[in-house]
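Heads up: the structure comes next, in structure tokens.
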Amino acid sequence: MSAVPLAWYLALSAVLFSIGVAGFLFRRNLITIFMSIELMLNAVNLSFVAFSYQLRQIDGHIFALFVMVVAAAEAAVGLAIILAIFRNRGTLQVDEVSSLKH
Amino acid sequence: MTMQHLWLIPALPLAGFLILGAVGRRLPKAVINAVAIGSVLLSFLWVLKILAALAPLEAVHAERYFTWVASGSLDVGFELAVDRLSAVMLLVVTGVGFLIHIYAAGYMAHEGGYYRFFSYMNLFMFFMLVLVLANNFLLLFVGWEGVGLCSYLLIGFYFLRRSATTAGNKAFIVNRIGDFGFSLAIFLIFITFGTLDFAKVFAGAASMPVEHSAGILTAISLLLFVGATGKSAQVPLYVWLPDAMEGPTPVSALIHAATMVTAGVYMVARSAALFIQAPLAMDVVAVVGLVTAVLAATIGLTQYDIKKVFAYSTVSQLGYMFLALGVGAFSAGVYHIVTHAFFKALLFLGAGSVIHALSGEQDLRNMGGLRKKTPVTFVTLMCAAVAIAGVPPFSGFHSKDEILLAAHQAAPWMFWVGVVTASMTAFYVFRAIFLTFFGKYRGTAHAHESPAVMTVPLALLALLSLGGGYFRVPAFLEPLYPGAAVEHDMALVAISVAAGLVGIGLAFLFYVARPGLPEALAQRLGAVYRLVYNKYLVDELYAATIIRPTVEGSRHVLWRGMDVAVIDGLVNGIGSWARGVGGVLRLVQSGNIRSYAAWILLGSVLVLAAIGLAGGGQ
Amino acid sequence: MAVLLFFCFAAIAVLCAISVVMQRHPINSALSLIGVMLSLAVLYLLLGAEFIAAAQVIVYAGAVMVLFVFVIMLLNAGREERTGRSLPARWLGLPLLVVLGGLLVYFVRQTMPRSEPVIFGAFDEGEPRQVGRLLFTDYLLPFEVTSILVLVAILGAVILARKEIRR
Amino acid sequence: MNLLDVILFLPAAGFCATLFIPRDKPGLARGFALGLSIVVFLLSLGLVVPFHTSGSGPHFVSDRPWIETPAIRYHVAVDGLSLWLVILATLLTPIAVLISWRYIDRRVKEFYAFLLLLECGMVGVFVSLDLFLFYVFWEVALVPMYFLIGIWGHERRIYAAVKFFLYTMAGSVLMLAGIIYIYNAAGSFDYEIILEQLLSGQLEFSSTEQFWLFLAFFFAFAIKVPLFPLHTWLPDAHVEAPSAGSVMLASVMLKMGTYGLLRFCLPLFPSAAREHAPWIVVLAIVGIIYGALVAMVQPNMKKLVAYSSVSHLGFVVLGIFSFNPIALDGAVYQMLNHGISTGALFMLVGYLYERRHSLEIADYGGIATPAPWLAVVFLITTLASIGLPLLNNFVGEFLVLQGAAQVDFRWAVFAALGVILSACYMLWLYQRAFLGETPDSVRKHVTDLNAREWAAILPLLVLMVWMGVYSRNFLPQISAANALILEHTKVNVEFRVRQTEPPPNSGWVEGGPPSITAPPGTSSAQVTAPAQEVSGAR
Amino acid sequence: MPANFSISAAELIRVLPEIVLSLMGILIMAVEVSARRGGRRIVGYLALAGLLAAGAATWIAHMDPGFAFRDMVVVDGFATFFRVLVLVVGLLTVLASLHYLRGENAESGEYYALLLFCIAGQSFMASANELIMIFIGLEISSIASYVLAGYLRRDLRNTESAIKYFLLGSFATAFLLYGVAWIYGFTGSTDLQAIRATLVDPDLAPPVLVVGLSAALLFVGFAFKVSAAPFQAWAPDVYQGAPAPVAAFLSAGPKAAAFAVLLRVFMTAFEPYGDLWEPVVWAAALLSMVVGNFAALTQTNLKRLLAYSSIAHAGYVLVAVTARSETGTAAAMFYLAAYAFMNVGAFAVVVHFARQGERYVNIEDLAGFAHRQPATAGLFTLFLLSLIGVPLTGGFFGKFYVFKAALDSDLLWLTVLGLLNSAVAAYYYLRIIVLMYFHEPAGPADTAPQPGAPLRLALWGSALATLVLGILPSWVLNFAGRAAVLAP
């Protein structure tokens, strides 16, 4: 085998995406959960870049770049929110943040 | 044909009613009397004037005033008419009505609601006259229902007394059951003949073949007769009439003896053209009439309330009239209406006089020996008694004779039953007379003779009772009911007269000669006596089989069961089910972020699967 | 070579990713995530996305993840407790994940049965120059608008994270 | 802007104006509402004129675009069918104002504002010839009634108001679906255009479509009527509503349902209507008897009258679905009659409530002694309600039954049972409440009618007699409109249902044995046997 | 090779509203910093001015419709409609916020600046014609929303609301992005028209599975933003926790913008594959209506109740989307407009009623409200009746057009079920009316002050708009009808 089929990259992306979802579902720490989302975004980026390769165009790269920017922006805001939560409640336990319900 | 202004006949009492109803409360008694009695008198005089003008009244004289109800092919006019039959009825109604109005002025003198009483009475006259004058079935129905209303109002005149108001309700509702039949008959008549006008309907009926087996005319006739059984208190709807005695006695005389209750007879006589074509229906009429006559007479034998006795007597006599109609002797039936109006009105008015004399006492067991204290009443009542007992040559003899002879012609067994009934009639009437006027006074009240305003009408009615038989009604009605004349078989006449006399004699034996005998006989008869005394328990039977199940069923099954439990339960159930679903959905909103993510994931997977698999299938 | 690199770093990426979601201490997760990012950067290079690979390392693994680590340190976040308050996540999570992963992979397999092999260097447009050119022509507007996004992020972070609301 | 527009929008303007009356001047609100509603009533009398001068209408047509796409038009007109219903609505509004004079003592101006809005909605329902417009008014009438019940009602008013709203809403949303469906098929909401298309065959619904559309409309109307078994909102709404609310509800609002059946269900879906008439008629008859039986055992006056409405409106539905000119005339006449007599009954019950603050029959007795005129008026109304001749209801009931009998005699037989039962419950009510000894509590509180109360009830009493004696003044317009509707229902019909014209002589047993129920007591064999023979012979 | 780097004035004008909004946001921040104390009051009014100016800019842009920035954005009727809509929502929100923030003692320029940026993002969404642009707009709107939801960061409810919104929003965005990646990968473009062109071209069209996959993932992302079931779970918590004016804003602005992109994407790019996604939208529409309406039945928290109701209303709009027709699109647009007014109006009442610290947000607290403040209660009633869908209100016409469009497309069952749902919905709206009108005030509770002028303006403005949309809807509807022509 001289080269890896592109599909493998996409499959890897899918797997990473699923792992990210799993992290969101099973982690209890807000920051970890947030990191799972970052993982999902990374997986998506891999897809973009892989598709870019197939299409032989770099629009996908641009998209990936924007995703990074957005991820960075989200990180800033998200971590600020987490910070505020922690100040309020003294915990990062996601299950504790459930006073609004029903 | 010149306008005779027939409408004035009912309109006069109507005006009286309106005046009394609107301002009667503020009027002095004299004015009330003038209005009430005057309007009836004027009406009576107007009847005389019209009859004089129209004499000999060989054809129908009809007048149409305006269209009442018109829709599609239906066109019912406000249309009055007078022919010989209605002429007879008009005279009886206005004449006897007038006398009773006078009497009532005395009888009611000390009662509260004087104006109210007379306004009702005038209203009754209005409706009764509309009934008699109506020229189509629907207008007849107007009068029919209207007199029922007045009957309701007057029975319940003493509205503080629960028994009175209950009796009024009973009268109205039982009559409604009859009217149910009547109205169905009207529907059928319109369907069959396309009109409700008497002339056209009867002409149409006459053109149809006689129905030897059941057919449309039989159905119509029977339904009409259902109406008649209600109004004229026949089996099985007679139960209201005895209770109707809760009303003031003049009411009993006017409405429940002389006029209203004969409306059924009048109606059947009026519809003779229909009945003649339906022999089956005629048989039913005759049999029901006979059964009623016997049944009511037997009950009458045992009653102690003087008005109840006469009430059952009325039922019985009405049965007689239907017997006449049923055997085709229409003119005899109408004849009996007339004579019965005289003597039965008299009986009631006399009874009223007695009650008046005894300050309201109605129980025969608390009377006795009033012969001396109320001589006029006694004499007039005796006149009535002999008339009803069929003693020749008084009025009752003539009409009853006609009926019995016609019955014999139709079926001899009917004659014999009729004779026995006649005997019973004589017995219970004289029983009442003897218990009231003979023997020792058993009551406590101070008895006194009634004032002239009451006794004069009594006297006039007494004359009519004695001599009323000489108004040859059958002959007068001959053009309307041709070929109805019967042969006078002297033997049969003698038998019927003898039966009456036997009745009188037995009454004398039981209640004057051997006062202990009734008690002993009652003892001997035991259960049978109690059954008869309790009116065959018919009221109780109706209550147990119809009224109670209906009411309780409505309450428990329909209202609480169907409405509240089932329908509302279903509706509210849907509501609480929806809220329950909402509650579950809210529980899903646990507030936990990871749970929400799981739901999102679930949704995504479902969407992916749905679209993906759909796409894969393409 | 490329094959080897792919398998090597794909394996690292998956392992690190699993580590991200398995580690109970957030700092470990963060470090694992950096590992994922770095391995992805290698894969980007394999796919000819030089600029993205660089950005991945500098911006993502460098800046963003440092922020994460910083916050973790700041909050002194310890090992998470094992509470299981989410029944749907617990009972639905795994099956759904399996289905999701399965579906995605199935889609990949179905739609790309004969995808071309990735040959290193076959596509080398992803240099900063090309990316930059595109960014300032076709994607000028989004690029400029991103500044608003960043502004919002800064503003948001300030609002939420500053010490006190004045007054 | 013709007279009809004025009549329609004057109350709406009054609604707005009333809202601006200062809160501390309740007298002004009352006076204003009374004056305005009387003016509207007097104006509405002008609607009658062209019916005498230039035929059966429709008159006062006002047709202008409202919304462009979809083309919704403000299309209103009055024909013989709506004429009297409009006048009924405008007549009862001032009466409702009058009877609320003392009854409503809090949030007065809102009350009258809602009353005027209600009037606008009801009149609008009766005159709309655009389906969409009709629906709009239909709902507009719903809202003020909801508030009338909810704010000024009795103890369980909230339950009743919400139930009323939801019931009606549940029905009307389906109607809305039907209306839209028709629009998509016909390209118009205009009643006359749709009808025209149906008549010319340009627009045709398959039998399935007709069935569902019919059902959608029918359901909405049947709830409003209300037809058994959809009636359970009615007793609650009536009992809890303030007097004026009950009056408007019973007198006019229920007619919206029957009017809708007649105006829309029949002409638009003739074959479905004819096909399903049998079971609808059965429901109507069940309603007649059921309503009467349940009314009979009610301990609460308003409930009793409410159930009697169920019974009375059964006659109307029976008449409508008999497809017979006489029955149809009777049905429309009966709508008016019910409006007048039941309206009057609710008013009178309201009078009693104002005096004694109770609706339980057991709390009354012997009213006739302290309040004789009240008793007389109640009696007259009772008699009208139970269909005594020379009073209005008789004419309507007679026509309905006569017409129904022509179609199927059995219908008349069962429906006529309701007439018997109505006498039972009304007279029992009268006996228990008005007759007998007077308890002290009643003697103390119950006084006779005052001038205002007389003014409110007298017009209705006059109408009871007028309509009972001289129906000539009212029926011709109705007949003309009905004839047209009946004409429309004949088109586009596969005659799966037997012809309903009265067959010539002796056709009375058409359609099977006429199972005349045995008149109580007579031997049933005697009556039914001949009938069966006849049918057997045919 | 020198790139073609020129930007024409016409192009700039086409994004003028967003430019105005952004500049105004920056200006507000500057004013905030420079003007101490007294100047702080001014920021709210500056925001108002900015929104009005943006409105004018929108109109100017509308004068010359067309594409701009390499087809990144498009100014057409559709864009203008939604731009105006989000601007109006913003306007009402600012009016409500002026009152609210003063009460909470939390007035600041950052709030208004964020709001303006957020609206700018939504405005971009309205005019975006390209997936990247959509994504950026969406993110600006979302990130600003996250912050706004947590604006009063010391309040537990606020931060919880923010974290939920943030985490779940990002989660859903990842799905969205994944979908974008796939459609890009197989069409080579992120331009909606180009995607469509590829999809309809039989030679170039990717496997159906790919279209399905990406449509599904995009739908997940958009459905989350419009709070359609089964992606609705966040909405009640977030609306409840967020400051009341923010909740008002969230329930209308982002939703409208998200629907704008959903409509644009699905009615242009994925329109050729309508049969594929219609069942999913159908199910989501029904599920949203059911979940929203039924869950609201027993709800007692006013904000939460309105949140559930907003889920249901998303369902109604999805019914219009399901219709897959221009009438449907127009109906959705009209519905969103009507919904914006009635819902923001209702929330504005909550803003007024809740008072400091949002103490009064239970519907029981409304008992006898009509006695105390008849005018406000009357307006609230109008909004609620409109939400029920009673004629002569915008809500009714909205529903009417939606279901008319649905029936046009033969969605009989969805129509019937939807209409029945709206009957169910009547119950919980009525419950509020019941409490306000049919109950006496429970004790001498401290009465809320009469609403201040800005809030009154918001209330009466929304009410007027609700009525105008209900009585004379033609103008808006005709505009929407013309604007709804998205696909070539």
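Which chain is which? They are A, B, C, D and E, in the order written, and residues in each are numbered from 1.
Here is the rule we use: a residue touches a chain if its C-beta (ideal position, glycine included) is under 8 Å from a C-beta of that chain, and two chains touch if they have at least 3 such contacts.
In this text the structure is predicted, and so the values were computed from the model without any measurement.
The chains in contact with chain C as well as with chain D are B, E. Comparing the CA-atom centres of all chains against that of chain A, the greatest distance is found for B.
Ranked by how far their CA centres sit from the centre of chain C, the chains are topped by B.
More C-beta pairs touch across one of A-B and A-C than the other; that pair is A-C. The chain closest to the protein's centre is D, with centres computed as averages of CA atoms. Work out the mean CA point of chain B and of chain D, and you get 34 Å between them. Chain D has its Cα centroid 66 Å from the Cα centroid of chain A. Per-chain CA centroids place chain B at a distance of 77 Å from chain E. Note: centroid distance chain D to chain E, computed from Cα atoms, is 44 Å.
Across the assembly, chain A contributes residues 17, 20-21, 24-26, 28, 33-34, 50, 54, 57, 59, 62, 66, 70, 73-74, 77, 80-82, 84, 95, 97-101 that each touch 2 or more other chains.
In chain D, no residue reaches two or more other chains under the touch definition. Counting partner chains per residue, chain E shows two or more touched chains at residues 132, 136, 139, 143, 146-147, 150, 153-154, 162-164, 167, 171, 186, 207, 209, 213, 236-237, 427. According to the touch criterion at the top of this document, the contacting chain pairs are A-B, A-C, A-E, B-C, B-D, B-E, C-E, D-E.
Listing the residues of chain A that touch chain E in their complex gives 17, 20-21, 24, 30, 33-34, 37, 40-41, 43-44, 47-48, 50-51, 54-55, 57, 59-60, 62-63, 66-67, 70, 73-74, 77-78, 80-82, 84-85, 87-89, 97-101. Taken together, the chain B residues at the contact with chain D in this complex read 21, 25, 66-74, 78, 138, 141-142, 145-146, 149, 152, 156, 159-162, 165-166, 168-169, 172-173, 176-181, 183-184, 186-188, 190-194, 213-216, 218-219, 222-223, 226, 229, 235-237, 280, 284, 288, 546, 550-551, 553-555, 558-559, 562-563, 567-568, 571.
Residues 21, 24-26, 28, 33, 94-95, 97-102 of chain A are the ones touching chain B in the complex. Against chain D, the residues of chain E that register as touching in their complex are 371, 374, 385, 388, 390-392, 396, 400, 403-404, 407-408, 415-416, 419-420, 422-423, 426-427, 430-431, 433-434, 437-438, 472-474, 477-478, 481.
Of all the residues in chain B, the ones that touch chain A in their complex are 586-587, 589-594, 597-598, 601.
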